[in-house]
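Read through the structures below before going on.
Here chain A shows up in two complexes: once beside chain B, once beside chain C.
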Partner chain A sequence: MKPILLQGHERSITQIKYNREGDLLFSVAKDTVTNVWYSVNGERLGTYNGHTGAVWCVDCDWDTKNVLTGSADNSCRLWDCETGKQLALLNTNSAVRTCGFDFSGNIIMFSTDKQMGYQCFLNFFDLRDPQQIEDNNPYLSVPCSENKITSAVWGPLGEFVIAGHENGEINQFSAKAGEILKKAKEHTRQINDIQTSVDLTMVITASKDNTSKLFDSNSLDHIKTFRTERPVNSAAISPSMDHVVMGGGQEAMEVTTTSTRIGKFEARFFHAAYEEEFGRVKGHFGPINCVAFHPDGKSYSSGGEDGYVRIHYFDSHYFDFELEA
Partner chain B sequence: MQDTVAMVDDPEYEEEEEEPSFSDPEDFEDDIEDEELLEDILREKPQEADGIDSVVVVDNVPQVGPERLEKLKNVIHKIFSKFGKITTEFYPEADGLTKGYIFLEYAAPTQALEAVKNADGYKLDKQHTFRVNLFTDFDKYMNISDEWEAPEKQPFKDFGNMRHWIEDSDCRDQYSVIYEAGERTAIFANDAKDPILAEERARWTETYVRWSPKGTYLATFHQRGIALWGGEKFKQIQRFSHQGVSLIDFSPCERYVVTFSPLMDTKEDPQAIIIWDILTGQKKRGFHCESSAHWPIFKWSHDGKFFARMTTDTLSIYETPSMGLLDKKSLKITGIKDFSWSPGDNIIAFWVPEDKDIPARVTLMQFPSRQEIRVRNLFNVVDCKLHWQRNGDYLCVKVDRTPKGTQGVVTNFEIFRMREKQVPVDVVEMKESIIAFAWEPNGSKFAVLHGESPRINSSFYHVKNNGKIELIKMFDKQQANSIFWSPQGQFLVLAGLRSMNGALAFVDTSDCTMMNIAEHYMASDVEWDPTGRYVVTSVSWWSHKVDNAYWLWTFQGRLLQKNNKDRFCQLLWRPRPPTLLSVEEIKTIKKDLKKYSKIFEQKDRLSQSKASKELVDKRRAMMEEYGRYREAAQQLYQEQKSLRLELRGGVDTDELDSNVDDWEEETIEFFINEEIIPLGDL
Partner chain C sequence: MPSMEYDDSKPSWADQVEEEGDEGTLPSPKETIKGNIKTVTEYKIDEEDGKKYKIVRTFKIENRKASKAVAKRKNWKKFGNSERDQPGPNVATTTVSDDVFMTFISSKDDLNAQDQEEDPMNKLKGQKIVSCRICKGDHWTTRCPYKDTLGPMQKELAEQLGLTTGDKEKTPGSAEPEPAQPAQAKTGKYVPPSLRDGGTRRGESMQPNRRADDNATIRVTNLSEDTRETDLQELFRPFGSISRIYLAKDKNTGQSKGFAFISFHRREDAARAIAGVSGFGYDHLILNVEWAKPSNN
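Let's look at the complex of A and B:
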């Protein structure tokens, strides 16, 4: 499959996300730029300008009306998707690491880093109440004193947020009162990314302990484990097949001591039920920081340390491929 | 320097302070023992039994009359004062002649011991060979009870079948793996499909492990010494206490092990290098050692009968089991630079550099006769390296020379044909600098890597019987810095280790073809199994902190397994003992190989299908379990549909095409390509 190369960032990609219908692909990077692209051909629609620091996270609501971004410039911003206008600016005390719209698109959550004497907080704003935005006053702010949140997604019905921490823990935080509903400690090192399946029933975690694990969203039961020899930076679940894709590499610092070969950083495909790797896609010049499946399952994208986003459309072999069983 | 002023004359001093009192307070009780304060003096305090322990009795002394007594005494003195200071001597007489035995007293018991050790058996003349004994020994021997007591029976330590691993029905070789940065050591049996774990222990060794030359023992290192393990269950066979041991070496016959520790060494009791008897666990002898730079310091002859070491201008050869110097003296070889034993015979090759008018020489010397079987003069030599072929059939001396009148260094290979009368020598001249050289282990070929990076070439030579050395083939532009021959010969791997990023080339030297070219990125080691069927390339954590793993290849270069092990450090194949089959029996087996190979192939096919059946069954079970989970999740999902509709204002978003009415059709034109077609002349 020949990939579409998106060149719109000058520094490493931190997150990429498709909108619900899959026609748009959002990408954010350390260069403060937030881009949105047509996923069908890689043409860029536009940018959302305003952040002055590295943008760590991006999300789009179910109706593709609003876009949410969080940045190291200590702010979380809301944008109008079509026009690019900044709708709200929420200042924080430390960098915003992860953010997201709930199922209804009415409530936003974001977490802030443990920095400069400030704890890690998980904040909730209700967009239907403009006062909260104006006063920068979240209706719920949950502190996380021990291990900061490194990645988080909403649960299936907007009742809780599933958060991954820097010690490998996963917690369900209630969106009503902020108490921890369920816990799971399966990983041994930092959770780099959590993503949901398209129907939100499962989540997949990517961890620095070289594994990626599949959990049930409601019960946090540990279903599957996918093992590699390198830290995993991001993982995603295919919407249409029993596959997962994982991207990783190693710490940016260690890159020059290992492979200096061109284009040898790979995205790996595992069979979700057999936990066996069945394919790899090369192409990035540096570790892969984020992967995402198109909601129809016919393509996937990856964003790397090299600043490129690559969109890959699967050929028929991918769909016909079966492991003997 | 400033003149010192006497304190007393210093005017200030007198006036200043009263001299501090140095006496002990009144009731001070001295609690230091005499032993502590006066240790060195007390050691010399005459002890009661001292005198007797320093006395030796010498027998077979010539019986002489008073006129020759003075002369006899002088001779005895000359011989025996070598071992220490003689304080008293007594020559008992009877009937005007000395009795034929004398008593000598030394200044210390250690000297008496030296005398016994060295003078016992000394041949004064044809009729008189001294017998020297400690005086106390007489007492000891006299007091042996007349009743013979049977020695205590030591319980028989049954370690089981020490060759158990050879009896594996599928002929799997074993190898040791150290991983988790040294925390875990495991022994695996090698199978083409997957390694089979035989034994695994945490902290089995503190640094690394070594196999004995015939594979019987596994040696592990510890702060206090080494331990040997063996048998089916790897029980501890023997333990050798040597504080701080860092290096070991086995004798080829597996009777002895040599340990080195940089820590312990005293003048009286050399402890840097110790030679142990493996079966009894006894310390046989200790030696000094200045540095362990070229370990092993002691080189063993192939049959374990002799071991030798080189010190400045000296070559010392010792024999087993006495551990004494062969012929009681070392060889003086001025300027000796390097030596090595033939792996097939008790012959040592050594070389001496140029000395004024005498050219550099390589000498082959036979032991124990010390006969020089061959000497070869070499001119304008810068350096020499000795490379023996594994059976001792050939010796290659790599000579780096600066020919007269030139500045550069050229290299020759002097090939000594050991099996031919008078050991003829042939010379192969090499135009480029040599990177690596290796003999085919049981054949007459050798491989050379030469050139300068990045233009490295590999050449293969055949030493023919008719006196010629033929270049069979040369490959250029190789990415290699090391040569690894299969232990059975014919096949080899050219590897570019470390800085060359693990490039591998598998070569069949029977027709010098490249069977396969592959890569194991950042490989640091290549190890053939003892049978020559498999090769393991590995990335050790000691040289590279990421991607630590070992890969198994067939001898043809087909990759069989990739085994990732957390912080993998070292893999060593377990050596096999020499075959018990005679040459005829091997011939018969080779003839009937077709018969055997049919059986083996059938067996292989069965195990293959069994493996895939196992895998298929496993997958089926996993899929079923996963399917059940998904079904339950789906059910819950369906039940929650109404909640979802509510959250999104009645819009059904469960499927991508749930709201077909909402869709708009749009036709977009994409620019794909531009083509300019000239319309020709109009």
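Let's look at the complex of A and C:
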């Protein structure tokens, strides 16, 4: 396969995300712009300019109308997807680490970092009520004083948010009252990424403890574990096959102090049921920070510490391959 | 997916001559669509070296069926930093990278095999090709862990018994006791030439006794191309002191031609080398070692 290389960022990629149909790919990095690309040919549709700090997270609603970004400039911004205009600016006290639309596209959540004397908060806004945006007054704000949230996604039906914490815990926060519905602590170290399956029934975590785990999103039952030798930065579930892809590598700060051969900067494919690795794709010059499957499962993208996003369309071998159990 | 390729093949000289006629003016860009292949030809003068370039880009036009929403989004106007981009991917931000392949791992063994470094010396580890003169262990004499303790002890013992510290193959109590040269060399101390082995004798090499040399020469064939003289030295040194190594090499490439001659000082050593190394696998080739036939000249 010939990957399409997207060079829209000057610094390391922090998150990439497809929209629901998968025709658009959003990418954010530690520079200030948010890029949106046509996934079919890698053509850049545009950029959302306005942030003044590293952008940590991006999300797009189900009908690809609005885009939400959260940044280390202590703001979360809402954009018009088509024109790139900024629709709303929500100022916070500390960096915004995660953000997301619920499935209706009406409610947004974002979490802020424990930083500069401020606590970690999980905030919920209802976009149908413009007053909330205007006053910068969330209808619900959940403090997480102990362990900050490092990754979060909406669960099914918009009832709760599944959040991964820096101590390896995962919690379900109700979007109505903010109470913790379910807890699970299967990881020993920070959870770098959480992504849902296409039908939102499962979530996959990527943790610094070198493993990636599959959970039932409703019960938070631990289903499967995928082990590697390096911290996992991101993991995604294939929408069409029983596969997961994991991206990782040693931490950026440790790269210069260790040999390049042991970097393991490949995207690694595991069989979801057998928990066995069956394939690897090389390409990035540094750790992979984020991976995402196209919603049709025929391609996947990865964003790395090297600042590049690579879109890979799978060869026929990938679909023909069967793991010998 | 439209892919871009630069055509770096030169146009025919006739075209070039024609183009050179109108210096300074550039032909206008052309765009031809033939079936589903669109070819865009542009001309530009490079600002740095002043040369004229013809850029030919080939696009494949592909029609895809998409949902209404996706088709509508495909017609959105570009915005932000891409506002001035032409339709189609901009080469500044989008490039097609080199081919990469997914490496499939069919079983766990494959995975381990990948990680393990290929080392031809690993294959030799099981076989005993080297034997220490001190402790008869499976290592070079110089690397013997007992060389500082056992070596001198053996020497003393040998002196007490009136034996030499030479190799076991030597008949005990041979008429001319050899000076304990190997033991001395092991300690790494400097020994003046006058005190060294044979220092009291006349230099052998000065004497025209190449005949004797020939008698202790072996021919090694079926060596791999990568073999070096040092490899041979390492391989044959355990059998006894070597006087000469000749590795046949190609004059141009410097690669080994696959055979070598090794001359030992003593014929017994050569005989042992033949017995020890013939049929021995080295660098995945099986070595063939035999007595060298005396050369005709």
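Methods note: the second predicted complex is superposed on the first by the 318 of 325 C-alpha atoms of A that agree within 3 Å, B and C clash if a C-alpha of one lies under 4 Å from a C-alpha of the other, contacts with A are read in each partner's own complex, and residues count from 1 in each chain.
In the analysis below, a contact is a pair of C-beta atoms (placed from the backbone, for glycine too) under 8 Å apart; a residue touches a chain by one contact, two chains touch by 3 or more.
Keep in mind the model is a prediction, meaning the values are calculated, not measured.
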For the combined arrangement obtained by superposing on chain A, do chain B and chain C clash, or do they fit? clash
Is A:21 in contact with chain B, with chain C, with both, or with neither (first, second, both, neither)? both
Between chain B (first) and chain C (second), which, if any, makes contact with A:41: first, second, both or neither? both
In the superposed arrangement, which partner chain does A:269 touch: chain B (first), chain C (second), both, or neither? second
Pick one for A:310: touches chain B only (first), chain C only (second), both, or neither. second
With both complexes overlaid on chain A, does A:277 touch chain B (first), chain C (second), both or neither? second
Is A:8 touching the first partner chain B, the second partner chain C, both, or neither of them? second
Could you say whether A:226 touches chain B, chain C, both of them, or neither, answering first, second, both or neither? neither
In the overlay, answer first, second, both or neither for which of chain B and chain C A:104 touches. first
In the three-chain superposition, say which chain, chain B or chain C, touches more residues of chain A. C
Stretch in clash, chain B with chain C, out of 41-49, 347-355 or 563-571: 347-355
Following superposition on chain A, which residues of chain A contact chain B and also contact chain C? 21, 41, 63, 323-324
So in the complex, which bits of chain B are touching chain A? 521-522, 545-547, 549, 564, 612, 615-616, 619-620, 622-623, 625-627, 629, 633-634, 636-637, 640, 643-644, 647-648, 653-654, 656, 670
For the chain A and chain C complex, residues of the former touching the latter: 1-8, 21, 23-24, 33, 37-38, 40-49, 63-64, 82-84, 269, 276-283, 310, 312-315, 317-318, 321, 323-324
Where on chain C does chain A make contact in their complex? 1-3, 64, 66-67, 69-70, 73-74, 76-83, 85, 88-90, 92-108, 111
Complex interface listing, chain A residues touching chain B: 20-22, 41, 62-63, 103-105, 156-158, 199, 201-202, 216, 218, 223-224, 229-230, 242, 250, 254, 257-259, 272-275, 295-296, 323-325
